[in-house]
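What follows is chain A paired twice: with chain B in the first complex and chain C in the second.
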Partner chain A sequence: MSVLHKKQAQTITDDQQDEEFRTFEIPGLKAKEERKKMRRRTKKVHPPRHLRMRTDQEWINVWPTASTFKWSAVPFPVRQGFVKTQTENEGVIPGKYANAELMKIPNFLHLTPGHIKKHCQAIKKFCTAWPRGLETDESCEKYFPLEVVESDYCVSGPSIRDPRARQVTVKVKLSKLDLDYHARDKMLRLVGNKYNHETDELTLTTDRCPLKKQNHDYAMYLLTALYHESWAREPWEAEKTEADMERYFWDQSKSKSGIISLLTRIKNIDKTSHSEPDARLIPYLPEDVTEETLLLLPELQTYKEAVEDLINEGENHTTVMNYKNSVKKLLNIKTPPS
Partner chain B sequence: MKVAVVLKACCQTVCVRRHICGQLAACHSALQLHNERRPLYHSRKYSTSLAEQFKLATDSKQKQHLKTIFRTEETDPTKHTDVHEGLFYTVSSEDVKRLFQKSLPPIFNKQITTFQEACLMVREPALELFHYINHFNYNHPVPRFMLYGKRGSGKTMTLFHIIHHCAQKDWVIVHVPWPAFWLNHYKEVSVSAHSAHRVDLPYEASDWLQHFCTQNFDLLKDIKTTQTYKWTKRESAAEGTPLLELIDFGLNRVKFAADCVGALLREIRVQASDNKFRVLVAVECVNAFWKDTTIRTESRDFVPAEKLSLVHNFKKMLRSDWTNGIALCTVDVSINLLHERHTHTPHFLLGKKGFEFLDPFIPVLVPEYSDKEVFSCLEYYIDRKWIQNPKGKTDEGKKELIYLSDKNPHALNRMCAPW
Partner chain C sequence: MSVCNPNRMLLLKQPIRSWCMRRAIQTTSVTNKNLRAGQYKSTIHRTKPLTYEETQQPFKIGATKSWNSWNTSNLHEEGRASETTTEDMFIRKFMGGTWHRLLASEVIIKRRHNMIIIACLVFQAVPPRKMYFLSGYTEELLSTFLNCPVKVELQTVKDKKDIIFKYI
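This part shows the complex of A and B:
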């Protein structure tokens, strides 16, 4: 205030030095004319719309099409967001009012059962009747084992083409194809990760050609080629060794030759040891031990199954105990009385 | 180590470690604790009422009756039966020195000094194996048993129990303690004198010879070689040389120690098949036989353990082409890398090669403690003052210890240490 006063005084002195005598005004002495304060007039805000909604209103009218989340039009409490600490927002996840997180995410408020019903009613006139005899999923699968998935895209834009529209996905269950053990194994090796072990489903997706029709044809060609290739037996397939096996086969393992030589040795020992009581000899071995006679023995068969289970199924309490029991039977080792 | 137990041992020979003040303070508090624990006598005078006297007498009788039995007087492992299951038996100090001294796990070794005795628990897998050992037809080729179980479940202690059992029966013990050490804790590596594509660990071989000699000293006196072994142009062991001499040669000429092991094991196999004695082959952590060592070849590849002459020779002991013996192995998950410890089952640990080599074997599970065993073990720890905290002796405390350790013997031992 005082600085301003000084400046004013200086300008006056420059212009009217000789005309008037400068008077000194003591600030605060004279009563100042009070200025009227301007108050911005605030617009009256209506209460949010959801407070005025009736419980039996038609929701389709409130939310007819897809739109961003509007807090005032949604008549239920909803929270969204992340609270970093207990001090932030008092540890409570933010509510719907002015919540940007709720606006970011897509909502399905335009797809309620009521909406769907209305949509269906509207497009019903374009539909044909569902074929008779295909009421269940099983019957659909049975009569139409091949599933083809294609998509059309409809946008309002300068171009009606959509690159995603050319994709074609063909799904088929391997059990529906006519394959033997070899063909199935070869098929699995050929398709690699396109086979889902849990659902037994083979999925081929093609998008290399520009048109949907071309991609569909290519997928069909692929499937045909895979099927026939699986059945074909190439000369080099005979060179398959144990390391190439898809699972453990006891008949082709070292274990088999080991067991046969062991049992033969035991039989030879049993023949010569006359002093031993019969209970300590291995009772089930036939007089002439050859590979063929041994392989027919039920003890050896259970042992074989136990080893194959142990390796193919993986080790768990049951498979290990089965293996243990089968070996004990094989070598005539008595279980302790419990 | 428990302070009070140390204190008990060195109360007379005041040898408290003075350089650690904290320990000293702990010792003082433990001393007080120890004093408190002297038998207290009732200062209360007996009541003149007959009814009260009777009640007092029956109460004390019941208490005596309820005292848990955790120890058995039967120290001969050949006589252990189902009756002794879950009870501790004491291994005499001579047997510990002779059989286990150099091969015990370090924790148990320490425990022997702390407890001033070596006790093993009679457990179900050992009893099962005793049954197999007692009822096996020894004319048949060597059967192979495989102890498997979670870490710390007591595979090694079961093995020691069986070794003790067989040693008591005067069997020759071929014990390989933790061959996994050969993979990376070797002192010296040399090309085998016997065959150029194998690798010798001469010092480890001579250590083993020493171990074998201490375990079977009395038996070895009578055993002589059945064929001539030629070491060099001048040195050889003629037919009829006592095995002790063979071992002595291996210990003196370390270069030939590994070959001596081979010759020794061959003699054992041949003579056992001739019915001269019975043999227990006990190999801990047999899955180490199919791992890689940290030794490098000239082409910077790791040498597989199978190329070690020691492993090569011990694998021959596990083959079923000889008779009059038992092969007993354990598989251990702890030598696997951290990301390869999915399960503790034999096929997973042995791998394809190992399984094929040992197949058919009889897997024997060493489970965690049963309810009976865990309580017996806790009582033993209380008796040995391994559990000193009065709260550890209450039912609540015991329950907590059992819960925390999940009945795993090793975990229980460690869990009780600070109590």
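This part shows the complex of A and C:
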């Protein structure tokens, strides 16, 4: 290294000796050579894709899935925006190039008839024919009386789980269950407001377990337990009084004993004071008046039905008129000729 | 105050009493619309360039321009409104920093199921190689931060003049 330096030093001193003097350069006197501008080489951007598209191309290959609007791939002209005056975009609605509004809105370029046809063909192999014999809603209800309602939820969030998806609703018509009068009555008492009288539907909704499957199982368990509990007859059920009755029964009511004692008294009066049949207060009464014979009378049967209807159905024009007519017939009350 | 000004009253052609009565009775409710927020001040020579997004005032969202965030969290009985908004703010900050001086539009964030789609316009100021790196970087990092797949759907703009809608 040191040898090299020495050599260089020698050559410099030789040059200086040759020229004798160094020339003095006055700064600014001589025009400097212009520095070449460094220009960044920009790569040529390809022309938009829609210029190279054939008119008979397959659109599904261009736009296979849902995607933001791409102006370069859409071959038709489209504009979006609002222009108020000539100062805004020279009075022209912005076109598709560099239009952020078009990128915001959802587009359906991935759901053209061609796409749908292809989707259908792809999922066709998973489809089965509709079962025979289940063409109508009535037949579906007949063979599948139990209706289970579950929901899945799609939300925009990082989790695909949704707490609302665990809810399971089970619906069944009570007429489809095998229940006698006592079991049906007990079932209605057990379920309370979960039974709809108008549609005869029992609705059980479960959401206490964290998973849908667990809630479904729990609903099935509830239905089974309800059914068997309804059929069970507990010893304390025999202690049911008139106040506990779900509806009015004339046979167990005070009305029955009252009307029988009344009819018996009338018969006694007829026996003692009115010997001829025409003068009797109630001519149709039999000679031996007992509870059994009285209950067989058609007049008393109509009265019984009228009273039951009046109390169970409520007072309306029909029931009140039926009650009036039955009482008139039973007690042989004749309207005086006006 | 102006109604009580006697000079102004003299200027009025119509009888003062009827004018005052018409002025005093207000039958409609007051519009408390803030017309100054989110608006750009105009310059003397109208030299300030604005994009379409900037020209439309905030109260025109839904009429002449649409939302920048598309998700279901503000619908009835849907949750996660605050989380979504916070995440969107984070994404916007992240995009502004990662694509520094490159963004040509607002960042549009669309959520479909658990996927986040980020769409925006960018200038062609960097070579494509760098642009691919940046979009991959954005997708990868945001996916890690937000625990869900993130897609960046870009469109490039050649010149700044292409996005200018109006000079104010």
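Quick notes
Just so it is clear, the second predicted complex is superposed on the first by the 199 of 338 C-alpha atoms of A that agree within 3 Å, B and C clash if a C-alpha of one lies under 4 Å from a C-alpha of the other, contacts with A are read in each partner's own complex, and residues count from 1 in each chain.
Throughout what follows, a residue touches a chain if its C-beta (ideal position, glycine included) is under 8 Å from a C-beta of that chain, and two chains touch if they have at least 3 such contacts.
Everything numeric in this text was worked out from a predicted model, so none of it was measured.
When the two structures are aligned on the shared chain, A:Leu330 is found in touch with chain B, with no touch to chain C.
Look at A:Arg79: by the touch rule set out above, it reaches neither chain B nor chain C. Of the two partner chains, neither chain B nor chain C is touched by A:His119. Legend: residue contacts after superposition of the two complexes on their common chain; A:Ile266 is shown touching chain B, with no touch to chain C. In the overlay built on the shared chain, the residue A:His228 is in contact with neither chain B nor chain C. Legend: residue contacts after superposition of the two complexes on their common chain; A:Ala66 is shown touching chain C, with no touch to chain B.
By the touch criterion stated above, A:Leu281 is placed in contact with chain B alone, chain C being left untouched. Contacts of A:Met103 after superposition: chain C is touched, whereas chain B is not reached. Residue overlap on chain A between its contacts with chain B in one complex and with chain C in the other: absent.
Put simply, chain B touches chain A in their complex at residues 127-128, 131-132, 135-137, 139-141, 143, 320-321, 323, 343, 345-348, 356, 359-365. Note for the complex: chain A touches chain B at residues 253-255, 258-259, 262, 265-266, 269-270, 273, 276, 280-282, 303, 307, 310-311, 315, 320, 323-324, 327-328, 330-334, 336. Residues 46, 51-53, 55-56, 63-68, 70-73, 78, 80, 83-84, 104-106, 108, 110-114, 117, 119-121, 124, 127-128, 146-148, 153, 155-158, 162-163, 165-167 of chain C are the ones that touch chain A when the two sit in their complex. Here chain A touches chain C in the complex through residues 42-43, 45, 66-68, 70-72, 81-82, 87-89, 94, 97-101, 103-106, 154-160, going by the rule given at the top.
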